[in-house]
Amino acid sequence: MIYFDSDYMAGAHPEVMKRLMDTNFEQTTGYGSDAYTANAAELIREACDAPQARVHFLVGGTQTNATVIDGILARHEGVLAAESGHINVHESGAVEATGHKVLTLPSYQGKVSADDVKNHICSFYKDDSYEHMVAPGMLYISFPTEYGTVYSLKELEDISSACHEAGIPLFIDGARLGFGLAAQGNDVTLKDIARLADVFYIGGTKVGALFGEAVVVTNPSLLRHFTPLIKQHGALLAKGRLLGLQFEALFADGLYFRIGRETVERAVRLKAAFEDHGFKAAIDSPTNQQFFTLPNPVIDRLKENVSFEMWGPRGERESTVRFVTGWSTTDEDIDRLASYLSF
Amino acid sequence: MIYFDSDYMAGAHPEVMKRLMDTNFEQTTGYGSDAYTANAAELIREACDAPQARVHFLVGGTQTNATVIDGILARHEGVLAAESGHINVHESGAVEATGHKVLTLPSYQGKVSADDVKNHICSFYKDDSYEHMVAPGMLYISFPTEYGTVYSLKELEDISSACHEAGIPLFIDGARLGFGLAAQGNDVTLKDIARLADVFYIGGTKVGALFGEAVVVTNPSLLRHFTPLIKQHGALLAKGRLLGLQFEALFADGLYFRIGRETVERAVRLKAAFEDHGFKAAIDSPTNQQFFTLPNPVIDRLKENVSFEMWGPRGERESTVRFVTGWSTTDEDIDRLASYLSF
Amino acid sequence: MIYFDSDYMAGAHPEVMKRLMDTNFEQTTGYGSDAYTANAAELIREACDAPQARVHFLVGGTQTNATVIDGILARHEGVLAAESGHINVHESGAVEATGHKVLTLPSYQGKVSADDVKNHICSFYKDDSYEHMVAPGMLYISFPTEYGTVYSLKELEDISSACHEAGIPLFIDGARLGFGLAAQGNDVTLKDIARLADVFYIGGTKVGALFGEAVVVTNPSLLRHFTPLIKQHGALLAKGRLLGLQFEALFADGLYFRIGRETVERAVRLKAAFEDHGFKAAIDSPTNQQFFTLPNPVIDRLKENVSFEMWGPRGERESTVRFVTGWSTTDEDIDRLASYLSF
Amino acid sequence: MIYFDSDYMAGAHPEVMKRLMDTNFEQTTGYGSDAYTANAAELIREACDAPQARVHFLVGGTQTNATVIDGILARHEGVLAAESGHINVHESGAVEATGHKVLTLPSYQGKVSADDVKNHICSFYKDDSYEHMVAPGMLYISFPTEYGTVYSLKELEDISSACHEAGIPLFIDGARLGFGLAAQGNDVTLKDIARLADVFYIGGTKVGALFGEAVVVTNPSLLRHFTPLIKQHGALLAKGRLLGLQFEALFADGLYFRIGRETVERAVRLKAAFEDHGFKAAIDSPTNQQFFTLPNPVIDRLKENVSFEMWGPRGERESTVRFVTGWSTTDEDIDRLASYLSF
């Protein structure tokens, strides 16, 4: 069996594991107050060209989204997000559990448009009863999106401008940031992300770490008392250095970007294999998530040897499926998959 | 420098790390739906003699406390806890952030008394304005407590009875459970805990794991929809097997209990070393946390070679300090500490 | 100037005010524990043919919605509602502030369909990742809706069945219930509402009272500890008898229904006046809210003598407006309005 | 039977009722956007000598406390209050329901001391683990307190200074403010309150209104978006002018202060009546709440003709009781009470 279900099915990249093993017997203070964590933060500030940024390490994506959003919004505000945004669909209402509404915008293959952001905010303040409605207090987008798509630099600049003209911060969920930066045709750099967002995170869980998300706060007026909030959200890891060590391994010599590139390369090969066999992609994704609409018999036969997820309900004759590559996906895995497509 | 600051200063026990390394390249489904996690749950049910129990794995203590308490209480209820309870003092208001009051009981070196529990509940329902007050909806205790003390079996049975007669569940925070079970003079077994509590957790973070707490729900009427709540609290680990693997390692052949015993043995030697040098324990703790009131000059000199925490503010002439042993504390560490006490 | 902005622009019906004046110097215990409140509850139970029902009196609609929903839902659940539902649009995120997501259904002039309810629930439980999504825990509908429309008895029975087959309660927002029951062509009685809903409320604020909403809990398994929750939500009126007295006045001899009928009759005359002058209703509403799309010059001229609300943004040539009648609207008001339409 | 249970047992002062009756048929816009409300706010600003203040009208005390506190605190902060504070004891956990801990200070007959405030804040920031604890974000006090006592001007100035030196706002619960200002020996004026507090409220419910609390925000940096928050808390009255009208009646010609004086005069006579009969006050209260410890047989005989509340549990031989005068208490009521004390 070969696995393409997700990018969090294996453990961590061997270099990450080695770092954990090498330091296992050392004793350090807890909760991220150790030197490894400080060094990881510094490496990330350098990679982002953001010397002023504060960097915090949390364990997982849902907790990071809820903690950041809860820390930014005033009580009467909600967070703008694509209808398809992870916080709106697949986080069990974690944002609402902190007391805030998710205000939805149309999703264009997972992306929002700067115009929709402007229009929402403009309509809100024009409405006579706006004080009875939930004020848009920030924008959440994901890069890449839940559909594997990425924003162009121009799109991201427009969105960032729309937010800042309206006086609301832009938060970028980078759970799969490494794969977005390595996307085919992508013209957005990590430095662009740091320059255009007010706060974002660099996902580790899906990009080679055992777990961990590095929150980068580039707007110094935000999240000034973030550590007690992280603690309150149950997101402050006792052995905090585990996060520092992993991000040190990922950023000391560019491993994070290497994993991004290699994983996307495998995805490109995977997509080509499907196309070579006459199956067109359901979404034109340039990252490590690939979507195909396949005849049900093909799906059933593939399932004998390959593990992958259905994307939505099974159709009458054909269904959409998702294939994801990860740091541990090999060229051999792709070759084997291609062989199962030939029948 | 030798370290006695806490029991979460090193990585994980080598057998735990080995298990993670051995399985690192395997691919499994996420969120704890894998076979390792199922096996760990089964091992824990057996160790608890609680075949009916549901077992869930979360990452850390604060998130576990908040998620369990939020899942049990009705909206108008609060949680009873010792004034000194971790949820009341050191979790940044995580329980209140879920909307619930911590109703405090007197603390007797960290412990509550069955009588105080009964009296609180009885007074509440006798009060004419009880509907304007926060109803006691459950009891939280820790075993061992934040002061290193443990309940006797008799005390625990009385507390459990007091709760069940009043119709409220008993929740035991076992962040350091391994050290409580191994405490000198302790007559409480893991099976007793499982029998007397409605829900409790077996702490991994402080007892040999990298991280992880195993929640054991022995009362089947509680927490029926716990997984979405764990997700909502940001406490559902994507690579969930990491938790299963670590608890498999801890419970497959009794490693958890062995770590408990060895760590407490070191603490007993540590306490003896202090007493041999004429320093009396500030609290008579039978577990891995030891408290001493030392003259300030002694503290200052020790600090040159030994790392440990102050317990409360520095006094004018003497101050209370805490020494904690962990899975990685060695006999040599104790010997060295003893040598620094001789001057 | 004559006013058609809303149905809460005047004080209370004279019979309600008389009741308050007549009892003003009496002394009674607070928080609804007085005999007037008990009598009002009994009158409502009789009018509903629901002897088992618990009746609670709150001050306003938004607080009633939030308190009821918060009291019913489990932490991982959300409330289904029409996209246009008041709780989703015009309550400043009060439901989300209690920690719960509003799960939206398509709105058909304010109404939801039983099929959409069924489909939502069915799709939810079929989704492999349903534990990462917000579970539908109850249904909220309004009668009449925010667009003045009402459900037929058949529609309401189907919706009630859809809920109960799925095991979720049906909550009916009756902020304007009196006008729905008196709607032209309506075949739903108060007894039907009480039979088909698990909990609903009888709006007083908009139907002749100074303020007040009577929550009727017909499903005895719900909201068992509602009084402390009302208090917690700041919705327990100290001089609670003010609510009891007003609902006594409204239900002692059918005043509530009389206000409903008379107010709707004025609305029917108002609608006819517009139609007589060639203006068609934008929505075919049988209740006291009437919507028209008028040329902008007509709107501007009317505004000189008549107060009413825009319904949505001003269009380029024409715009939609809302006219609302209330208990204090007179036939003379309608005549004057008609005269302003003739030019 | 004569009633001394509380100060919210009768309706409203006749001048307040007259104002409501006189305007009952008028039509005004809702939610406090009417001219009466604007005028009431202006009258209050003048009475407070606080031209910059924003004034908001809410319905009741618990909802006011929760809304103000929720609007001021950051997510990681709690509110300091006396152990005996209303928010800590008798509001069903309304503050915690908004996600915030009540941090308790010692109560000296209901009052807190400036020194305790300073010490709490100072200890907090000295604690190494302060980021794991709930930060004190504001101070809540009541004037008069739950025990009828009042702060001296000097005490209030010290408390205000302690708050402002620590950078936290002072919030004064004035549910019974009129009785505090009229207290025997009181040297604090309404203008002092407005000068020393950052936000406070003038209670109407207990001081002659049917209901209503006027929140005065004197610190312009606080509660900038208070209206949507009031709506979110279900505390925005639809017929908002009812609040404006009542406070107009109370502040147009000093009625509020007159009610305060007359009610306290009755309480002073009541206290004298008890003392004349040899019963000493349990607390030396200068306001409209009076506490006595009476032999149980005296209590039982009084209960035949007088209604009043027990204050705490019934003792073996004697018990503490509370007598409260209100706007409707007459000299004849006091005379009758005195007559029942003579036997």
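Per-chain residue numbering starts at 1, and chain names A, B, C and D are given in the order in which the chains are listed.
Just so it is clear, a contact is a pair of C-beta atoms (placed from the backbone, for glycine too) under 8 Å apart; a residue touches a chain by one contact, two chains touch by 3 or more.
Every value quoted in this text rests on a predicted model; they were computed, and no experiment measured them.
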Legend entry - Given subunit A and subunit D, the chains that contact each of them: B, C
Legend entry - Interface with more contacting C-beta pairs, comparing C-D to B-C: C-D
Inset, instruction - Would you kindly say which chain has the C-alpha centre located farthest from the C-alpha centre of subunit C? - result: B
Legend entry - Gap in Å, rounded to a whole number, between the CA centres of subunit C and subunit A: 42
Legend entry - subunit C and subunit D, separation of their C-alpha mean positions in angstrom: 33
Legend entry - Averaged-CA centre spacing for the pair subunit C and subunit B, given as whole angstrom: 50
Legend entry - subunit A: positions in contact with at least two other chains: 75-76, 91-93, 97-99, 131-134, 228-229, 231-232
Legend entry - Residues of subunit A defined as touching subunit B within the complex: 3, 5-6, 8-12, 14, 17, 20-21, 23-30, 59-67, 91-94, 97, 205-206, 210-211, 228-229, 231-239, 242, 307, 328
Legend entry - Residue numbers on subunit A that touch subunit C, as the complex places them: 75-76, 78, 89-93, 96-102, 123, 126, 128-129, 131-134, 309-310, 313
Legend entry - subunit D contact footprint on subunit A (complex, rising order): 70-71, 74-76, 98-99, 131-135, 225, 227-229, 231-232
